[in-house]
Structure formats: structure tokens, C-alpha cells
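Should a chain be cited, it is by its letter among A, B, C and D, assigned in written order, with residues numbered from 1 in that chain.
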Amino acid sequence: MPDLVRETGKRLRNWGRWGADDQRGTLNYITPADIVRAASLIRRGDVFSLAIPFDAKGPQIDQPRRFNPIHRMMITGPDCTTGAIRFPGGVGFSDDMVIMPLQCATQWDALSHCFEDGRMYNGYDANEVSSRGAKRNGIDKIARGIVARGVLLDMPRVKNVRWLEAGYAIGAEDLDGALAHHHVTVGRGDALLVRTGHMTLCRERGSWGDYAGGDAPGLSFHTADWMHRRQIAAVATDTWGMEVRPNEFPDVFQPLHQVCIPNMGLTIGEIFFLDELADDCARDGVYEFFFVAPPLPITGAVGSPINPLAIK
Amino acid sequence: MPDLVRETGKRLRNWGRWGADDQRGTLNYITPADIVRAASLIRRGDVFSLAIPFDAKGPQIDQPRRFNPIHRMMITGPDCTTGAIRFPGGVGFSDDMVIMPLQCATQWDALSHCFEDGRMYNGYDANEVSSRGAKRNGIDKIARGIVARGVLLDMPRVKNVRWLEAGYAIGAEDLDGALAHHHVTVGRGDALLVRTGHMTLCRERGSWGDYAGGDAPGLSFHTADWMHRRQIAAVATDTWGMEVRPNEFPDVFQPLHQVCIPNMGLTIGEIFFLDELADDCARDGVYEFFFVAPPLPITGAVGSPINPLAIK
Amino acid sequence: MPDLVRETGKRLRNWGRWGADDQRGTLNYITPADIVRAASLIRRGDVFSLAIPFDAKGPQIDQPRRFNPIHRMMITGPDCTTGAIRFPGGVGFSDDMVIMPLQCATQWDALSHCFEDGRMYNGYDANEVSSRGAKRNGIDKIARGIVARGVLLDMPRVKNVRWLEAGYAIGAEDLDGALAHHHVTVGRGDALLVRTGHMTLCRERGSWGDYAGGDAPGLSFHTADWMHRRQIAAVATDTWGMEVRPNEFPDVFQPLHQVCIPNMGLTIGEIFFLDELADDCARDGVYEFFFVAPPLPITGAVGSPINPLAIK
Amino acid sequence: MPDLVRETGKRLRNWGRWGADDQRGTLNYITPADIVRAASLIRRGDVFSLAIPFDAKGPQIDQPRRFNPIHRMMITGPDCTTGAIRFPGGVGFSDDMVIMPLQCATQWDALSHCFEDGRMYNGYDANEVSSRGAKRNGIDKIARGIVARGVLLDMPRVKNVRWLEAGYAIGAEDLDGALAHHHVTVGRGDALLVRTGHMTLCRERGSWGDYAGGDAPGLSFHTADWMHRRQIAAVATDTWGMEVRPNEFPDVFQPLHQVCIPNMGLTIGEIFFLDELADDCARDGVYEFFFVAPPLPITGAVGSPINPLAIK
């Protein structure tokens, strides 16, 4: 790992900031008062779902571990209408199940998702994330979240393009420019949603292609300081991996993750569907909203599928 | 099926009420203005998670189809710390998956979960819920929901007991009594949460026992009219099956489901954890709140695991 | 369905042949004496595995229901070597699991896999194969099998090509020609293995392509009579679907299956790896062997993954 | 770990015996000539399946990692008979899937299943069994097996009891006594099946109880030498864990496994159904047979479900 990555991580490290036992990281920035203020952003009562469909047509194509959700029925209408399966009174029920990697679609990374030098956020041993699941920093530790003020930065709109090109590294100045363009601010306890348009590209061409793991626009490594200084609670994008790809350092995988997750304790969201919300924000010029995205409290999980809602 | 069940269903039937193509049922009662008003209930910024832990210790014991969530790791801390699996730069990642029935823990029933005489809500053919999933009334149809004003009726507190006994059928007069006791009203577009204390009993004795499928307190069949008249958007309880068990008609399985789901198009929630919220409501005397419980938009699913949030 | 398909099925129908309760079909042709005779074919003690590897690189690509086996570890070496998971005495164990369609790789079709006009083999109602599994004709009914004399017909070798072209329908005269070429006979109670070379093609080009469900050489519909007359116990090929594709009747899916499975009660094997065995048979000129392919006795299953062995 | 366990392991260690690259261990004892001789034991053509049913009623009750097979349909008879799912020509198909730990029912342990001091059989690093599966000693390495002469030792019959009591440690002298009683020998390359009657007990009482992981009769630690000296190829029992439980050393888990798997490279089978075979052997006085139990060649797996056959 390049020195810069390790040094940046060390510099922005939040270990101990919220106590030696903390497992929530930057979500601690969100105060009850922030939530009350965020609620005041619900002005029209319009709800936007930021999740992609969870199904076999998802973006996990030829991935080493992750696959698209496998949804299977356990009892069906035809079981009941034919009398093959009978319930008292002749009524009928259906039931179903899913098999899915927790990070196969729209999702939160838990703070146990990423390790640096054998350590997790707050200094916990990476070996605490064994095959038994995450004893520390599991997604279950943030079951009450994430509720916050959300801010959308719609980079393609700012730059007047349909989408950023793969490989485009969104820098701190880009983020500042977008804030100015949108006449919005972002700060302590906010959930920052950055639209790159990469998912728009996939939707327009009708295929995910190498969306999962391939080249993509995304946040530059150098935005870590910017997010740290502003005390962002969570960050999410419409891409597979939040940060720009190819990565900015040839010899380290997802370097911004290294700084954000194990060091800052910053919750990261990925594969967010932001197009519809972005269109609405462009229409009314309001880029802030009530944001709520509760993870499934799967005990010891290192991520969670979510259906984030933005409410304006 | 007894005539009363079929007649009640027919009488309270909402087919066509929101158009021949509707797949959202009583969630249509919720207007944007309702959501704005509900947001005003966020006064302190306190968030309550109404989900039970999703893990192997859940309530699905010896059930015919449903089982508790199976969470398994796909890459772990030890994989990384030993170098057994290497990423460029020596960084480390963990990843995991889940196998679970969609209704194994805290959940919404989709409107495709229940059939009467071969029909679903809005008259759709039950055979449209084949092994390929629900073509109609799937949970994906309510991806933007459920955001509403929530109202808790804490029956044990009203009756000054720790929990209602198994078999206790909560009647309309019980609901009215609770509203009066709590100094709260419930009406069009609200999410009604009814606490029976049955989960409290399980937690105190340290085992789920026959929580799934066994005898339990719950709503009486005769509350269907009450809910219909008040134009409730969704109803949920802290029990496995919402309605009282043993069922009130010996020869029909879950008769209230038959009226609510295929006829009224009422979204039902089950296995909600309401104890913590109830304690808070007792403390401050406020039994209404902002309620948000987005389902995972699994295409064609007949239910969804959820982590409902109540925000006061 | 064309009349010819239905008529052929009716003509070759074995319903009742082995009793009204039979669920084993043509496997009944195999007598204990046949097994003893088959054992005498074990002359050199060489064992050939006829299974493909069960893993993520299998042939199920973009299929509507089937996917390749998902193998995941539940406890690993690194869990133990790091002490993340400890057993008394410091010993270590690994454990794993699989998620797989039962017909995703080398497999037997059970007699409950295919229906004609709502009926299964021996006249059972197709509705007996509900979401609860197959009450009749499940793979568990043939747990003692399949042990038989095996005969390989190596069609490409007979025709002096590397593989038959996709769409080539192997006819009865082809089978007779191969028997003559190989100086072997096939008859009552035998397991007939037919090599088309289609898997060889996939292996040589390094990709499965549309092996699953695409065009392929295979048995002609018109071999049904030939197999019936010879009282074959089971038939298997190195292709996805045993019979030629595109199917010989444009308006019916897998017509030979319709005759073989629901009518004849013939057990069909697919995705057999026959190349190594074929090479050996070419070397020694012996195309018969002891054949054993026990299914996993999964209760109510309509197929089973297998590792068939040919022993010479 | 007690010195005796480690010393015994070291003394009986077969590392390098079949080459530095060997991954088959004691299965190397089986020669082609042995297989030919074993075939001569097929005298009557009777086949015995030694697998228990693979279903939800299996023995995995409240286990930390393993669960019973989850079999689910993917398309059913009712889907077809109702026309909910249509195939060209009106034909019908069913399909299904399974989710199962590879060692949940009748099974082989792979040589990668067990580690001592961070090493596997033949000295390979235990870290080679990461979350990616077993790079070494995977079950796929024995895809051609196991074909051998089988010998059954029916301990309860020898001792004239219905089953051995839980905790009974079958010693070398017991094994010798059984050989004498049965007038059979066991030696190089044989598969040794030892019946304790523990499964008989479960079947008679109608419940598995603590069969998985609880107290049970089984082989004594001190039979390791006996098996090593006789050059057994594989050993299997009708119990969950092959060796006696409680284990004979209080401070080490499954000590005989430690000697057999990582040191000797002995393939171990568990949860074998031996009652029917045992009855037959008692009837005809013949305790040897042709034994064949091919694992599913799941790439990198550390065990495999099997349907072992004994053929007499």
C-alpha cells in the first residue's frame, strides 16, 4: 500500500472519537436535533425509492463471490387453485425466499466490511470477522439508522453531460462546485449522495456490462479530507464501488475505502438509484431532503441490502 | 369457508376502488399531505427500530416452509490476515450472504400473499403468482412505501397486564378503548401498530416456543369493519400472524387475512418488535409518530423482510 | 402438441406394466442377475468418473431457473489458524455448503420431471408434484439405483468426426451402426450412454456458450421405439437435453422427453462427461462396462446431481 | 492437545507416502486388482443404499453451522396444469433445488476437513482451505472414488444387543472379535463399515435427539493403530462423528479425526444407514461386498453428500 494511503488513513482516523466501544462511526455525527431539522425538509410528501430492483437481472455479472438475488417461491397460487396444497377453509397462501449476497444490489457497507493492516474501525481485530460473522462493527449495530438530512450532488447536471465518463475522479473542487451550483450546503451528520450518471448509462444502453467491478466514475481518493472535514455521516453513489475506477493508485484496491471504512468509520452506500430523485431536484431546485435507509439487522452481517428513501 | 368470512370479504372489498390496475390497495389512502403531517410528529429526533434480529435464533421453529435466516460469510477477516486471500495493497475485505424466507422475521405481507376463491386483491387471478413469482401485487409494487403516520395501541398497558393471553381476540371495542386511553386517534392513511405483548412473553421466558403458528393473542376477525371504516393504510402486530389464534372459525385458516389481503388490499405487518417503542410512548404519553418501513423491492416477491422505524 | 408425439407416447406407454404403484419405470428391467453379469465386466479395475466439475464455471449461463452450483465455506483453515474460531485441543475443522438446482450439472431426471396432459409416469396426477415436492415418482424412489451394465455409443468416432454438429438428430440406424462398429449389443436393463461430442466441442473452445438450452446434436424423436423395443433401463448423453435441438417438431418442447419420461418411465441422464471413457473404449475396443450412478435420495426431488462411474 | 494425540498422529502419519503431491491419502491403497476382486463379491445382484433420506427431517438439530437439506421446487405440476407457466406444445416440466451443508447427512469428509497444528494431510497449509474453498485435498480430488471391497462389522449383533450404548468406545479387540464372529477379514484397500446401532436407536425412538453432536458409541481413539496397520482405505459408521463421544480425552475435540484425517489421510464416512445391510449380512453370513460411494465432485469442497451402495 502506498504511504499516502496509509498516512491519509492515519490522519483522518476516528478511533476512540466516540469511545473505545463505539461501533457506529460517523453515524454518531447525527444528533436527534439533526433528525428533527431533517424532518422539516418533508414539504411536499413525495417519496423516492433509491433502490434498484432486486432480481436476477441485477449487476452482479461474472463476479468472484457476489451473484444476483435468487428469488424462489415456496408455495404458489397454482398450488392452491389446483388443491395440490390445501388450507382449512379453502383459502390460499403464497410464500417465498431469497438467496443473496448482502451487497449484491443497493446496499450499505458495514464498518466490518473493510480492514487495514488487520484492523477494523476503532481498532478492532479483523479476525473478529470470522466465518461466524462480525462480532464487532456488524450491520446490526446500526439498526436504528440511517435517518438523516440527505443532500444530492448531481455531477452530470452540474457539468451538463449525461454521465461522467468511466475513470473520472470527482475531486473536492467538483463537490464544492456542485454545492454552489445546487445552492445547497452539506455538513455534520448529513448523508451525501453523489450521482455520477454511471447507472443512467447502463440503463440507457440496456445492460449492466462491467458495472460491477469495471471502470467507473467515482469519488477521488482526495475527497477523504473533504468528507472528514465536513463531518459527513454517510456517503453513497450510483456506482458499484463509490470511488473512481481504475483506482488512483495502481497497487492498492479501493484506496478510498481504506481511509473511509477502517479509519474514519464512515458508512458507505453503493448501487443507489438516483436518477428519479435527481430529475425531481432539477425540477424544483431543492437538493436536500429527509433521508432514511434502515439496514436489515442481520446479526453479524458486514453489509445490508436496503431500499433507501428520499422524502421531499 | 364459513359464509360470514366470505360475506365480510365481499362487503369490505376494495377492488376497483383505486382503478382496475391498482396493485397498492389501502396504501393509496396515504396522501402526500399525510406524509407532510406525519413528518411534523418528529419532535425529538428519536428513532426506534421495530425489527427483531435476523439470525438463527429467530422464531421459525419446526415450520413447514419457513426457516430462520441463514447468514454465511463469503470472505472473512482471517482470510485476509493470513494472506489466504490477497487484495492489491494488502488491504482486506469481508463479504457475506443470506438465505431466508421473506416472511421469516419482521415483515410485510405483499397483496399477493393471500388468495380467496382463486383471486387476489383487485380481482387478479391467483395463478399469476406462479413459481416465477408474483406478476401482480408483488412487493415491488410498493417500493416507495411505507411512509405514514404511525399509531401504537399498547393493549397490555391499557389493560394493565404484561401481555394478553394466547387466544385473546382484540375486538373493536378494545381498539376504541385503547385510543381513548392513549388520547390518540387513528384514521385514513395511518399505519396502525397493535402491541399484544406476546413477543414480550417470549423474551421474558427466553424462548420463542410456538410463537410461529401457535396460539397467540391478536386482532379479532370482527375488527375488519373497524379498520375498513377508518381507512387504515396498514396494520401490524408483535405476533406471528396478526390475528388471534386459535382462529375464531374452526374451519378456516387465518380468516381475517382473507378479508384484509385479497379483499381490502390491506398491507399487513408481522413480528414487529414494539416493546421499546411502547415504553417510550408510555413515558411521554405520545402514541403517534412518523413511521417508515420500506420493503426490499424484490421483483415478484410476496413479502419482504423489513426494519421498520418509528421516529418521534 | 402434434398428434405424432401424443400417439407415440401412448403406443410406448408403460403405465401399469410393473404394477399400479410402480414409481421406478424402466429401471425395473434391471434384474439382480443382470447386475451380477454386469459385475463381470469389471476386468481391469479402472474407474471413470462421468461427472463434470460442480462449480461456478458450469454450463448454466443465463438460464431462466437453473444456475451453477454456489459453493460456500462455513468455516475455514484461516478461521482456525488465526484462533478466530477455536476447538478444544487447538484442532481445526472446515465445513461448507452448496446451493444448487438439482439438474444444474451431471444429473438424472426423476420420473416426476416431465408431464404430459397433466399426468406423470404410471398415470399419476401432475399436481402431486406441488411446491411440497414430488409425492410420486420422486428421485428418492430410485435410491438403490442405478446399477447396470453400461454401453457407450461413441457417435463421433463411428462417423470419424470430432463431434456431431448441432442439430444432428441421431437416428435408430445411427445407433445400430454404432453397435455394429463397436461390436457391442445393447438390450434389456442396460444403461445406454450416447456420446455426441458436444461437450468436447465446448471444452476445446474453452466455453460452454449456449450448451444449456441451445442447439445441440442429440437423439432423434424417432429413437423412442428403438429404446422401447430394446428395453433400455436408462439413457444418458453428453448434452444438456439428451434429444436433438432444435427439436424436431417446431411446436413442442423436448418431444422425446414427453415420450420417454411420462409415458415409458425411462430415466434420462444429462450433461455426462464421456470423453475420457470414450478414449479408453477406443483404446481397448470394449464398449461395455459396469455402470453405477446413485442419486442423492433427496425426498420428493425431481432430479439429482450425480457422479456416475463406469468401471472396466 | 494431549501429547498422546499428537504423538499418535505423528507416528501414523502418511505424509509423502504416495508422493509430495498426493491428495488422495489411503485411497491409494486401493489397486485396480482390488476392484476386480471386489467385483467378484457381487453374487446375487442385490443393492443396498446406505444413505439416509436427505430432507428436513434429518439429524441436524440446533447445530452451530449445519442444517438439514432445504429442498425447494422451482417449477411444479400445478404451474403447468393451470397454464400459469406454459411450454410449447402444452407439455409440462418440474424443477427443483437444494441448499445443504455438504456434511448434513450421509457423507464423506474430504482430507481438507480437518487440521492439526495448521496443517492438512500431506503437510499442506491449512490456510489453503480459505473462503475460496480447498485448493488442496478437496473432495474433487477423489472424484473417481470410492470403489472398494466393503466389510461390515455389526457390533450390536456380535455383542447380542440392539445397539451399543452412548459412550461405548469400540476398541481394537472389539473389531478383531467382530471379524472372527463374522468370519471375515479386512485389510489393505478395504472400506470398513462399523455399525454401532446408534441410528437404530434413533429410528426406534422416532427422533434423532442429540444424534448430531451428542453422546454416541463409536471407534476408540486407540483403533487408529489398528486401522493404520491393516491399511484400511476408508472407514464409516452409522453415527454422526465416527468416533466415540464423549471423546476419550476431555481437552480435545474429536481426537481420532486428528490422527486419521490430517495425519493418515484416511477418508471418513458418517451418518451411514447400515441396518438393512446388516440384516442381510446376518441372514446370509456374508459380511463383505462390493462398495461404491462416489462423492459429488464439487470443486474445492471439504466434504460431500453421498448415496453409498453395497452390492452383494
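General observations
Here, a contact is a pair of C-beta atoms (placed from the backbone, for glycine too) under 8 Å apart; a residue touches a chain by one contact, two chains touch by 3 or more.
The structure presented is a predicted model; accordingly, all values stated were derived computationally and were not measured.
Following the contact convention of this document, B, C is the list of chains adjacent to both chain A and chain D. Legend: contact pairs of A-D compared by residue number with B-C, B-D or C-D; the interface matching in over half of them is B-C. With B-C and A-C as the two chain pairs, more C-beta contacts join A-C.
Comparing the contact residues of chain A and chain B by number shows a mostly shared set, over half of all numbers used being common to the two copies.
For the pair chain A and chain B, the distance between C-alpha centroids works out to 26 Å.
The distance from the centre of chain A to the centre of chain C, each centre being the mean of the chain's C-alpha atoms, comes to 45 Å. The residues of chain A that reach two or more other chains are 72-79, 81-82, 84, 97, 99, 127-128, 130-132, listed in rising order.
In terms of which chains touch, the assembly is arranged so that all chains touch all other chains.
Chain A contributes residues 1-2, 5, 31-36, 39-40, 42-49, 51-55, 65-66, 69, 71-78, 80-81, 87-103, 112-118, 120, 125-134, 140, 143-145, 147, 249, 251-255, 257-258, 290, 292-303, 305-309, 311 to its touches with chain B in the complex. Chain A meets chain C in the complex at residues 67, 70, 73-76, 79, 82-85, 99, 127-128, 130-132.
For chain A in complex with chain D, the residues that touch the partner chain are 72-74, 76-79, 81-82, 84, 97, 99, 131.
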